[in-house]
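Read through the structures below before going on.
Note that chain A is present in both complexes that follow, paired respectively with chain B and with chain C.
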Partner chain A sequence: MATALPTGLAPSGLRSTWASVRLSVLQFLADPQWLIPSMIAPVIFGIVSFELVVGSGPYYLVYAILGAGMMSMWGQTLYGSGWATGQDREYGTLEPTIQAPSPYLYVVLGRVLWNVISGLIGGGIVYLVVVAAAGELPTLDNPLLFAGLFVFVMFTLASVGIVLAAFYVYTRYAGFIQNIGEFAFYVGTGCMFPVIFLPWWTNPVSLVFPPTWALDALRYASIPGYQGFGWGFGVDLAGAAGTTAVYLILAHQVFRRVERHVLEVGNLSEY
Partner chain B sequence: MAGAAPGFWRNFWANAVLSPRTTLGFMRIDFVLGTIFVIPLMQMAFFAFVVQLGNGSVAETAFVVVGNAVATVTYPSIFSVCQTTDSEKQQGTMEHLLVSPAPRFPLYVGRGLVPIGISLATVTVGLVYAFTVFGVPFHLSAVGPLAISVVLSAFAMVGFGLLLGGVALYLRTSIILGNIFLFIGLLFSGVNFPLSQFPGPVQYVGDLFPLTFAVDAVRDSIAGAPLRVLGLDWLYLSVSMAIAIGLALGLWRTFERRALTTGSIARF
Partner chain C sequence: MPTPTVIEARAVRRVFESRKGFLFTDVTRTEALRGVDLTVERGEIFGLLGPNGAGKTTLTKILSTLLIPTSGEAKVLGLDVVRQAAELRPRIGLVLGGERGLYYRVSARENLRYFADLFGVPLDQRAARIDEVLERVGLSAAADRRVEEFSRGMKQKLHLARGILHRPELLFLDEPTIGLDPKSARETRKLIRALIEDGVTIFLTTHYMFEAEELCHRLAVLSKGQIVARDTVAGLRRLVGGDRTIEVEAYGFEDEEIETVRRLPGVSRVVSEEFGPRLRLTLRIATSETTPDDVRAALASHAELTVRERPTQLEDVYLDLVEEEAN
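Now for the complex of A and B:
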């Protein structure tokens, strides 16, 4: 196979991840319904939000682009990770995959990596559509810092995706979490508006999610006079890094426990 | 037609009762409760906060909140109903259905009964959120017209879901169709901003979908519009429902005939 990494050079985990990325790309191209959560939905939400905030200040475009871009990534994370495990279960391929010598985490990692890439592509499409609709470029003092932090936001989202994917192995409620949780996550993390718009008592719940911190940091860095959490850019960045690390550790632990548990009870294929 | 009537109702009722457990999507109790109580609140809050970000007025927030309360009917009416076709194909029951002598009207429309009930509940809960959580002004005299508007909206939207289910008979999956019409609703049905913001011909795209009339009817009911205006809204809703169900049955008949001729319709 021309695209596979040479066996002697790559550890088995990396090879599994690479194969998973490759398969995810092929499935994405073969099944056009993935375009909906990753690209079409965010473009529509971006345009609707742009229409609602148009003319409200020089940085309204940044909000529309950032929010819709994040929704693109989140759509991919939520649908891509959850759906993939659900489909494995439905098609009967989850059991052989879990029983394979490579940990399932590496397979999921490949899917999440592709989710990050396709989310970034979706973000790029959102950017082009919203800029075309506005007829102007967004006001950015430091485009490089914005781009770097945007990728960081995607990374924090990916960490949530990995944890969710771990739970999806165990739960049959992936569809429920996807459909019911979609708007709740958009609201809870303040993806299209500052999270301080929400009642104060919801803030602890929002802060459980790494993207809340990362988005606040990104807005502090790119929107002069932005009013987010009172602690400012530095703490936001540290909070994002810290919660992301916790999520990655959690994902690792959950995967180990879940894999062991489902192999013991043997109910993996039930759905 | 003494012999036909019991068969009709038995067929209608059997499909109404069985379909939530077999072919309709999103019909587990957790899904249903989430659809009724969580999705409307979150979708309304999302767009209300976006309006707040744009320094929108109280009237603009009310406009968006009511529009989205009605738009959430899309989930139980379109998503769940149009998936019946996918479910039949995936479960391998499509062939049996196609060779069944059962009359099609009670068979297909019976499947819409439970989604109509859930659609009613979803819009009602959404409107209760609008009045209680988001402070949309409401007068008790609007209860009657509002109830009629909500009931007609639920029927019309489920009729539209059945129509999409008919189209899905020919497609590989109905999810794409459901999503496309969810987004069309958000853009072209006047859910989030007046259609007058669009250029001329685009304003009329929304007239092809019952959601546009549903949103108008509910907004006019809340505003205490005269019966002349409301009557027109209800007439549009009723006509769009009749057209959708008529087209749905026509599509099913066409594709059934094609299926029986080619033997390929159960593919997915």
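Now for the complex of A and C:
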């Protein structure tokens, strides 16, 4: 008999996720267009951000790093996964990937992981550029907590990104949805500036998204005297963890339904 | 003991809906499959023939778990293609072919490695298996080149390599030689025959009649979403009325002349078609009673008459069946 596999067994989720990370890295390295958003843009963002806030207070370096860091990281982490799924449609690789025994969610998870890593590389570049421009290190009470929260913010962005990727499986018009929400999301979750500066009625909408909580927690931890929503660091952290968990559960459910839906509709080969 | 029947489709129907408009959508429904019944036995090459839009790819996608039928039931390797898709997928291979469907910025080897992981090819066998399939499809020398540098034929070979990578029990091939040069197409057919020797069952759709005739143990003809015939090549020949074909060409025939030819012994079918300035009558003949000389005698009034006999080809059978269905 020709089968080498134990029949009826799919590969482990870990293996599929790693395969997806690996392919994402290879595609990233093979395509020079990524150099601009991931390597060159953070340098420019870092310089501009530094020039904007230089001398504006004792924590100006933290503001510069947070502002430019988020600017260079959020899009890549949040939308990279969705965009890569759209690319699967364009390449015609969505059909063979869905037809493989591994659930497509693992493929998306792999891309999300790589996007988090590449986003963090961008954040790292911003940090180095701002520090080099200032000639001094930022004033941080707890640098380790700051770095950890930075990574955590990336994961909260990624959790929204996974759900967004499902739209790209669902329909070839997902880019339309993304373009509508892109800057509203950027402003509405506090990537640009704290959400409390926005009209009060927008706050409940903002709190639906995990990055809003995580970014508020990050500002609490890095800027002494920061007020934010006023309920403190602990509540922000718990809110971020809770909403992220909800998004991950949602992603799992959404992907199951979306995979079923696209097989019913038969639009996997459309692009 | 594996079951002898590897594909069993019962009354499979598939309707596609396409929508136009944004606020006021106009829905168009197309019935791609209209109740298909089909069985494929283990170890055979089963060919599915049909004109463009007949529903071949739709049926292939349903059987390979990429589409859900609107109604009806299909079992592959004893598993329901909808409810047990997860268990079925590691055991089947699918080659849809074409220019797309590959990660073109990375190498052939990397494409295969990615899918080897998604298909769960054992880690200790992965590298050797990738080398083996690359060798088998003749891509060893190009293994580390980016797919974007590949010709259409090389991409088709890579599709095939991906399809057999995880050693499927059943392989779906959707027009595997389309776009290939004659040499590559011949090598692909050789590979398909070799797979059968390895115990793989093959479900093949093709436009090329000679390919179906050369490869397939059994065939089905799909027309307008329905199977109009299924049998061996010899059986299909009998179905359309004979192993022998006589072609007659002249500058036009009277209706009475065509009727005279139709009444000759053993003539089961007469098809007339324009052939440049001339008219060609194609006679399908079941027995040896009527010879080319008999036909010549029946049309003696024509001075410029060309009569020739040849064996009935699968293409004749196919055209008869599809034309019959269209009428």
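Heads up, the rule we're going with is that the second predicted complex is superposed on the first by the 243 of 271 C-alpha atoms of A that agree within 3 Å, B and C clash if a C-alpha of one lies under 4 Å from a C-alpha of the other, contacts with A are read in each partner's own complex, and residues count from 1 in each chain.
Note that in this section a contact is a pair of C-beta atoms (placed from the backbone, for glycine too) under 8 Å apart; a residue touches a chain by one contact, two chains touch by 3 or more.
Being a predicted model, the structure only gives us computed values, none of them experimental.
By the touch criterion defined above, A:P101 lies against chain C but remains apart from chain B after alignment on the C-alpha atoms of chain A. In the superposition on chain A, A:G92 makes contact with chain C only, while chain B stays out of contact range. By the touch criterion stated above, A:M192 is placed in contact with chain B alone, chain C being left untouched.
When the two complexes are overlaid on their common chain A, residue A:W231 makes contact with neither chain B nor chain C. When the shared chain is aligned, chain C comes close enough to touch A:R22, but chain B does not. Of the two partner chains placed around the shared chain by superposition, chain C is the only one that A:A30 touches, whereas chain B remains out of contact. The partner of chain A that touches more of its residues, comparing chain B with chain C, is C. Within the superposed three-chain model, A:E51 lies in touch with chain B and out of touch with chain C [touch as defined at top]. When the shared chain is aligned, chain B comes close enough to touch A:A184, but chain C does not.
On chain A, the patch touched by chain B and the patch touched by chain C do not overlap at any residue.
Touching chain A in their complex are the following residues of chain C: 2, 14, 16-17, 58, 61, 64-68, 86-87, 89-91, 94, 96, 98-106, 110, 113-115, 117-123, 125, 129, 146, 162, 166-169, 198-200. Those residues of chain A that touch chain C in the shared complex are 1-5, 7-12, 15-16, 18-20, 22-23, 26-27, 30-31, 91-93, 95-102, 107, 260, 263-266, 268. On the chain B side of its complex with chain A, the touching residues are 26, 28, 30-31, 34-35, 38-39, 42-43, 45-47, 49-56, 64, 75, 173, 175-176, 179-180, 183, 186-187, 192-193, 197. Contacts from chain A toward chain B in the complex involve residues 32-33, 36, 40-41, 44-45, 47-49, 51-56, 60, 63, 173, 175-176, 179-180, 183-184, 186-187, 192-194, 197-198.
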